[in-house]
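The same subunit A turns up in both complexes below, where it pairs with subunit B and then with subunit C.
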Partner chain A sequence: MSTWRIARLIAAKDLRVEWRSRVLINQVLPFATLVMVMFAFALDNNDRVLTRVAPGLVWLATMFSLLVVVQRTFAVETADGALDALQVAGVRPGGVFLGKALALAAQLAALELVLMGAAVVLYRTEFQAGGVVLLVTTYLAATTGLAFVGTLYGGLAAGAKGRETLLPLLMLPVVAPVLIGATRATEAALGTEGATPSDGWPWIGLLTLFAALFGVGGTMAFGSLIDE
Partner chain B sequence: MHPVVRLVDVVAVLGGFPALAGATLTVERGEIVLLRGPNGAGKTSLLRLCAGLLAVERGEATVLGCDLAADRTAVRSRVGLLGHANGLYADLTVADNVRFWGATVGATPAEIAAAMERMGLANRLLDVPVGRLSAGQRRRTALACLVARRAELWLLDEPHAGLDATGRDELDSTLRAAAAAGATVMVASHELERAGALASRVVEVVGGQVRPVAR
Partner chain C sequence: MNTMTPPTSTPAPASPKHPTSTRFTRALGVASLVGIGWLVAFGLFLSPNDRVHKTGVRILYIHVPSAWLAYLAFGVTGIASGLYLWKRTRSLMWDRLAGASAEVGVLFMGITLVSGSLWGRISWGTYWTWDARLTTTAFLFVTYIGYLAVRDLGGTHQQRARRSAVMALLAVLEVPLVHYSVKWWRPLHQNETVEEGKLSGLMLFSLFVGIISFTLLYVWLVMHRQRVLALNDQVDDRGLDVALAARREES
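Moving on, here comes the complex of A and B:
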């Protein structure tokens, strides 16, 4: 069976697991929204400060939520030995990697939409017509990169002892470039502190390169990572 | 014709400890072989080695014509392993699980339906999430997934555990039918009476080595 067919099969299965369990909707989305509210409390509900830092807070909340979603997506695989069974089934590991990343990206995209909505309500964030293309491109590139890194490190930590604490320790330093790049590009798209969309495009280059590196690397290395 | 499993003086290590210490075993096509032996003797390791999940440190190991010492991944799509875990997704229904595992080998909807029927899962259980099933029902679902995967070599670790009398009978008849159709079955079990009656040959695994048992 081809890598893409396996990827579609795995992605459909992961999204069906989410649809049936509703963990994203009932637990992760409220958690992410709560993080946004806590940021507002911490910054004393100062409109000017909140508007200034909103892009960074949205992406920081996304990173925290990513950890929860990645833990969950691999807990589903290891709870009853399904990851072992996938290996024995001889499905291409690259297909498993791409499928899990695809499902993770879809969940992250839904999460980011809610977080952006929360930024508008809580932080008075305003959109600029000229920055919409940059904003959408930023979200696409950053979400893809985060999904690839999350899947790669989730697979790496899946069989390890203390994986709940190991995963943030391994993953957060690696996603720092996405946090920086996505925040700067989002600031440019929203016109924060006089930034213009042209300031954001070089960051898209970084985000795209990051996603490509982890996409290719993950597809090639995933089999060895999850192997005994 | 080449044997389905051919192990010669195989050594395998698990977590720094020797799991198999010079195991030698030959299994022919269509055989049902019972592996018996005390806990920790190496039965599970032997099954995992045959499934390509455990690396061969020394010796010769060929399964379904694949040299496991050279590439242990090639054999994986052709074997079905049911270990202590069931390999199921608790949030998905019985039908979702069997469809998913069948789809990994391109099984048709008719083959998937037949697999569920074979393990007595048709009708009432199909739309129940696996997480809500009893241990025996989960085992049946896992076996249906194995049937749907059309494995050439079935590697079963305590397959009767948790099954009721009907489930055990269905399992035995499924294994006999699979063997009659040309599949090869290796069963590790402590239920010697039942599994022994099912098996065409019995071997004993002790200290990571395999010994024949006269019947």
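Moving on, here comes the complex of A and C:
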């Protein structure tokens, strides 16, 4: 079976599990929205401040939710030793990695849409027609990068004792460049503080490089990391 | 040089009197102690005050050597991990070297961060700035703490070695990304880093003494830690055998 076919099957399986259990919709989405509300409490409900920092808060809330979603996506695998079974069955780890990343990216993409909606409602964020292309590109590049990193470190922590506490320690430093890059690019797309879309494109370069490096690295290394 | 080291190199059994030391490491330990004595003499007494930073400049004799050593230590971890992953040089010795070096690296990086923020407070009036070099250093620190946590995840020695070697190489991937993203994020703060080349002869010499003595200390610590890690592995292996033998006798 080709790597892509394995990836498609794994992704479809993960999304089916999610569709039937509705953990993302019933638990993660409310959690992420709650985080957005809590940010407003922390920043004293000052509309000007909230509008200014909205892009950063959206991506920060995404990263907190990423931790939760990654735990969930690997809890599904480890609960009955499915990951080991896949390995014993000789399924290529690269394909498993790509499939899990694909499903994770789809879930993150849905989550980010809701968070951006929450930013419009709660923080009075306004979109600009000129920045739409940049915004969509940022959204795609950052989501891909986050999904690759999430799958890589999620897989590593999956079999481990104390994975709940290990995962944030390992993953948050790695996704810091995405937080910086995606926030700056989103600010440029929204025109926050007079930024123009042309300011955002160099950051897209960084986000794409990040996604490519961790995509290739993850496909190659995933087998070594999940080997139990 | 023989690159085909046997997969499990068994160190000489350690006696309680000299747990992990040999004649060489004892000499090295004495040398690094003497070096640090020199550093204290030059750094605190013999070298002059700086015109701008006054006596605060003495922090640099600790700060610069420990920063250099932390980078050296993480470099050694990266290379040793690569050597472990490369099939022709695969040996648990490289894995233990990587682990020992990372431990010492985290220690020196901690010293770098503390001494650096004290220096920052004296010379820039603030403990911390969002400069690319500082932020990358802080991220390196956290990343290698994570690396050490991954080393403790359990499993066989080979699993540990492979997993942590991959982690060390991922850290090599991460560091430039963090560095450049922070650099573009706050480009204005670059000029605040310490400019080299403004130190007098005796100050440079003190710095030099610091670097040499810290390097000796690093080699000494890593050799000991590596031997302790080898003994730990041995205990794990033998512990299982002993337990099996005890169970057989029971039945």
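Worth pointing out:
Just so it is clear, the second predicted complex is superposed on the first by the 228 of 228 C-alpha atoms of A that agree within 3 Å, B and C clash if a C-alpha of one lies under 4 Å from a C-alpha of the other, contacts with A are read in each partner's own complex, and residues count from 1 in each chain.
Please note the rule applied: a residue touches a chain if its C-beta (ideal position, glycine included) is under 8 Å from a C-beta of that chain, and two chains touch if they have at least 3 such contacts.
The structure presented is a predicted model; accordingly, all values stated were derived computationally and were not measured.
Applying the stated contact rule after C-alpha superposition, one finds that A:Pro202 touches subunit C and leaves subunit B untouched.
When both complexes are overlaid on chain A, the residue A:Gly81 reaches subunit B alone and has no touch with subunit C. In the superposition on chain A, A:Ala89 makes contact with subunit B only, while subunit C stays out of contact range.
In the superposition on chain A, contact of A:Gly217 is made with subunit C only, not with subunit B.
Judged by the touch definition given at the top, the superposed model places A:Leu156 against subunit C, while subunit B stays out of reach. Shared-chain residue A:Met1: touches subunit B; no touch with subunit C. In the superposition on chain A, subunit A positions 228 are in contact with subunit B in one complex as well as with subunit C in the other.
Here subunit B touches subunit A in the complex through residues 51-55, 73, 75-81, 83-93, 96, 100-101, 103-106, 129, 149, going by the rule given at the top.
By the touch criterion given at the top, residues 152, 156, 160-161, 166, 169-170, 173-174, 176-177, 180-181, 184, 202-203, 206, 209-210, 213-214, 217, 221, 224-225, 227-228 of subunit A touch subunit C in their complex.
Only residues 1, 6, 9, 13, 16-17, 20-21, 76, 79-82, 84-91, 223, 228 of subunit A touch subunit B when the two sit together in their complex. On the subunit C side of its complex with subunit A, the touching residues are 139, 142-143, 145-146, 149-150, 153-155, 159, 162-163, 165-167, 169-170, 173-174, 177-178, 180-182, 184-185.
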